[in-house]
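Report on one structure; see the data block that follows.
To keep things simple, chains are lettered A, B, C, D and E as they appear, and every chain counts its residues starting from 1.
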């Protein structure tokens, strides 16, 4: 045979010298590998760019400029304030008066416009009123308050507002900044970590200093709880049925097409659905994390189902055969062997699906979770599900739309919290996924 | 030619029919892989299926415990009865069937789990052990019967997929034996085994025969002659001849059988 | 919480049934465990299932139905005359319920005794005061009919709750007994339980159908309404999208074509970015990267999917747009008019979609058996040849699924489009033109200020419906293609 | 099911900021729970408002425009008949540009129309808008490229912008006349006046004012349309232009001197008064002098207080519904 | 123990050493699977590796073309040279090595592609065909040499995974042969084959030997005796004896070898 003689007469190639074709193939190999590395690098680069810009814009939200003052209220003043319609503004006035007199006591050598003090302070009346309503025994004794300065003063310390950019407005005069500096020197105005941002709740648009994301974190928490508890089991169950049990017929084809189609349904349409079905038809409460969770569950399901099905499909048939061969039922085969092998893909779907759900705003718009919603922490578990609450992305979205730059900064701060929430939420899934990953 | 007169059991005559297959046809899509096969498999007997590669031995074997159900394009026709029950009947639970009719596959397919769990899985789902100690016993016994105990006893928690080819094969035999099926279908169980291990497995088969029916596919005429009492010769999807092993190997009726065992057709 | 208790009792009965059935069948089987058809667990589960599931179902139905029934009865106690002409019975009933809740609260806080609460002659004013002391939030004054209806409501729900408790417990017990009677060694417990589980699986799968039905139903009425106001032919074939603010009525052009084009174009750009990057990232992660790199890089990439889309929108608007402007804008190539364009939105959306492709594909690629790779290496293939020609084809169904998912998300995305692509509906081939998508317009028309009964607002539903039907068609097509090219390993 | 005990409000995102101030104050100053104020647009808000009467419908709808006849009819169909319309004040609409950008300090409606109208009058003929720079049609304006960011068609502001700026400008430049002379009917001409050029010089903004601000930040020549409150909160970044020679301030808007403004409303379901705790109190609170008056927090934030506030207060106190004697 | 001088190629003398392995150690994690193996594999010779299941035959075979690289936990020490080049050298490209040293695996692993593509894959990546016709030729020749052409010639476009076990095995042999490697490592190539097919494969091996070096792992002593000129006997990871086949089978030096080939140890 010719071929044999051909092969036989060929000179033995050395392994260390690479022939032209191999060199070409190796170059292709290197390129291919480089593409992969580049792809990852691009992905990570974008992540870093995004992370840096988020952190840069958001970190200031975690500090707050505060005004420290010892403040005493008399019973008379208290009664007077309580008798007014806008009680909080009465407290605010008292507070301003107190601050003004203390400045003189401290012998501050700056001349200032009395109205300036009003401009320096944030909205503090609510805090003061709440304090005295809870501690009526403190009336008449001096109390040390640390209250938020106004958004612009805060911005001045964070570099958001500078002497050059300030234009006289009714929110802040250029001349006020001298007073601010003076107060800062004597320690009446200081910067502190903004716990309130982490634990607080939303405020009106004129009170950026008081705004916090805490309550909406709880809202998101309850919402994601619903999403996780419903979408993971339902998604996995549906995938198992479709991939392992469903006969090949029009009905299962219908389900299959439906599921992939649901993935393409814009999230706001799920909001329309939620409004119609859960609120108008089933009479579930409006603005409730429960409803938000249900809507997001429907939105997340396709992601989980599609990834779960793909991973179930990837389990080699020989594993199923082996189990069936020792007399396991199909159900047992799936739950004992196939599912564990598909677990990484399922968890990936869950991670991505939940990440999407966590950041989604549009459907919440229609079921009433966007706006000015959450004012108080839920009282218990049930209340956590059904009482009106917002969610982190919704809160961020509303803040981002507000005029005051202080809210804009808070929106980015909120994004940082959201991402921390996301990472915490995912970490368990990621660890689990690593444990299940193996090749066979 | 091979003769193994000392094994044959035609004299006994007492065995019942365990599996009765009648006019079985199997199609893979358009490919007619098994044509009109009719065969009675006796209880307490070792039946060997022989025939050239691709003739349909595995296919037929898989019909007997409905493992073909898992192949989408595979279609089975005809009548197969085990202990008189039609196994393709609607009411038959294929799971129960497979618990009764165990199988060792041609390609060893250990679970990606530990060796211990590979064996323990079957007994566990069949509730064969009340406690850990009993399970340990079962696992050890199965591994011993699979002639692999000595090699793995120190690494029972190592993954079953990290074994050598022959070890995997024996593991799969042990796994099948562990559930104590009434019929054991073995598709080339010794293909990756050295002579000693082969002998041990053959011993196992002989032992199993005391109580169960065993069907074994093999390419080794010697092995067929050694272990089986009945032999079926398949060729191009047809069951050409089925008879006592001694008969087949000494005095085949069909010329194709003769050609095959003397090594002339493949 | 009596409800919680009832729930726990049912669970306890189910648990008891589980144990009893198990014990019973084990006793019947004696030493011969193999005589059992199924594992003892299955007998137990069967009993638990039969006692728990019907009881809980009845409980659920009851909980939904009871308030409806009781409301109807209690509202009979409110004479029509007691309902102010401006308000409705439903609202008064809300007040009744609030009063009843308030009474409960007052009793709980000790402000009120149970007997006082039942007293039909009770002094309403005094009661109101007590209720608000207990922290109940009520409208200014309780009227006698409301109060009496509230009392009736409380009485009825007490009776109802009692009845419910008894019936549910009875059902649970009956189910348990039934299951225990069935429990014999040859009873096919596993099959029954698996049938139950299978029912659950089917139910889960059917949720997709229900959701679709829900979506169609919640869109269809308004869609029909829209087509009554606006000619369908202009909607489907009109090439101009220019809704005017409804003050002027009738003058809007609401052609879907430019929006569909924008959707298609932006999604295409997004996929052109996401698919290669995602796929190469997946390949690198699963085939080349060390486990450590993979363990870090994969979750990091997944963070990209979790960044709120508003951030991406701002990123497009503030960073990517100006960057592209510098290259393609007037100072550069002159193709670009403004920073917002198909390219901007597509690029940024592509970034968001990277993890959809990379993570899912990585899992699938990782699941391809090593034996296939070995087979290829053994022939002298390089790793990349192996990946391209053996691994990827084997993983293709899953990868296609991942890409379809990414495409779906691209179609459904809003924020990035609004901020990155502009709000202009335009039919143009230039990827540096501003365009917009169907989804973005659904959102803006739905959350806008126009007259809700006008075509400008209703068009959102028609857009949603049309998009739904189109993607459905695409999915049918995709299913067909995937079926055709599926490769199965082993 | 527990009964709802808070006031539920939904609607316009333009009213939302004011509503949030009032809601916060209402929660802090009364014993009622803080109302829930949802965003989502006037359309969606009114739609839900009109869904019917009952606990699971909202009590108040915020709107940045007056409710329309068709909507009232739809409401009535669902049993929502008695609606109290409350005007809370005015929102000024201003034209602002980058603080450090070209000196855009004074506009006339005709300038805006010339800049972004789809068809303008040029040398006596109606032509597709040829202008690239402001100076091309008005030498007083800087020679800067035209880049306007106007509210998208989803926004109520767009209506005001069209009617009070584009239409007036169209008439002022004589384009309207020319169109009618060219054979268009008056209605068509009016529509044509409102058409905006599509070549990228004018960009619709479907998002919020923050988006407009971001775009202006990125474009020195950009001119955006903002609400007065938004501008006042961002004077460090924006400078405002006069319109027809009038500077937009709360005073000029309240007096009607500044032409471009619009009223803001909320609508209360009378049927819910007396059954939803705090509803009437909330409505009264909203229009109280202490809040909505010229020195109240709303005005301080940028809302133009309604000169007829007292009348509104009376109306709320009397629960006077629409159409009663209007 | 075992001393090297004995297995130097005394009689033949003419053939070169193709592969020279010295002090090879292989570890799977802590498991020392190959201990101190030193062996010279001759060119134009068939070398048989025999030994009980799990003794390390496959492991050692996989060392020879660095297939062990794909197993994470596997670690190879020692020196293996092919034509004098250290294959574990940094400069050596394992891809080139594997193109030169082909391999047939113990478990047949056809690609999930058509039969045609399974064969054409190797030639394609090595650029062995200029056009479709040439490729068709190569595929046909390879399938013929793999003794499977007749069975699959009508279904070249059918998936390779839909073949019977023995057919898959022959497909894999054909696939390996198609790339014309200089050394062919075959791990139990005939384990699933009937006698006729086995004979055909043995013929192929004999034909290959004219030009190449062939290493074959087998459990069949008869096969080793039939096809190989040299035989290496492995036991528990050690190379116990390596010599001319005739010598090993007639007059083994080591008692373990003798026990094994006479069927006493396994």
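Observations on the structure shown:
Going forward, a contact is a pair of C-beta atoms (placed from the backbone, for glycine too) under 8 Å apart; a residue touches a chain by one contact, two chains touch by 3 or more.
This one's a predicted model, so the numbers in the text were calculated from it and none came from an experiment.
Separation of subunit B from subunit E in touch steps, taking the shortest path, is 1. Ranked by separation of Cα centres from subunit E, the top chain is D.
Relative to the centroid of all protein Cα atoms, the closest per-chain Cα centroid is that of C. Looking at contacts between chains, the pair that accounts for the most C-beta pairs is A-C. If you average the CA atoms of subunit A and of subunit D, the two centres end up 31 Å from each other. Rounded to a whole number, the gap between the C-alpha centres of subunit A and subunit C is 19 angstrom.
Averaged C-alpha coordinates put the centre of subunit D at 83 Å from the centre of subunit E. Per-chain Cα centroids separate subunit A from subunit E by 58 Å.
Among all residues of subunit C, those that touch two or more other chains are 190, 369-370, 382-383, 385, 446-447, 488-490. Those residues of subunit E in touch with two or more other chains are numbered 95-97, 99-100, 107, 125-126.
Within subunit D, contacts with two or more other chains are made by residues 1-2, 4, 13, 33, 39-40, 44, 207. The full set of touching chain pairs reads A-B, A-C, A-D, A-E, B-C, B-E, C-D, C-E. Contacts from subunit B toward subunit E in the complex involve residues 28, 31, 50-54, 56, 58-59, 106-108, 147, 151, 155, 162-167, 169-170, 187-188, 191-200, 219, 221, 260, 263-266.
Across the complex, subunit D meets subunit A through its residues 1-2, 4, 6, 8, 10, 13, 16-25, 27-29, 33-34, 36-40, 44, 48, 51, 56, 58, 99, 207-210, 227, 229-230, 232-237, 285, 288, 290-291, 297, 300-302. The touching residues of subunit B, when paired with subunit C in their complex, are 93, 95-96, 125-128, 130, 180. Subunit C contributes residues 67, 84, 86-88, 90-92, 94-95, 97-98, 101, 137-140, 242-248, 251, 314, 317-318, 321-322, 337-340, 418-419, 422-424, 426, 433-434, 440, 444-454, 456-457 to its touches with subunit D in the complex. Residue ranges of subunit A in contact with subunit E, taken from their complex: 1, 3-5, 7-8, 12-16, 18-19, 21-22, 25-26, 29.
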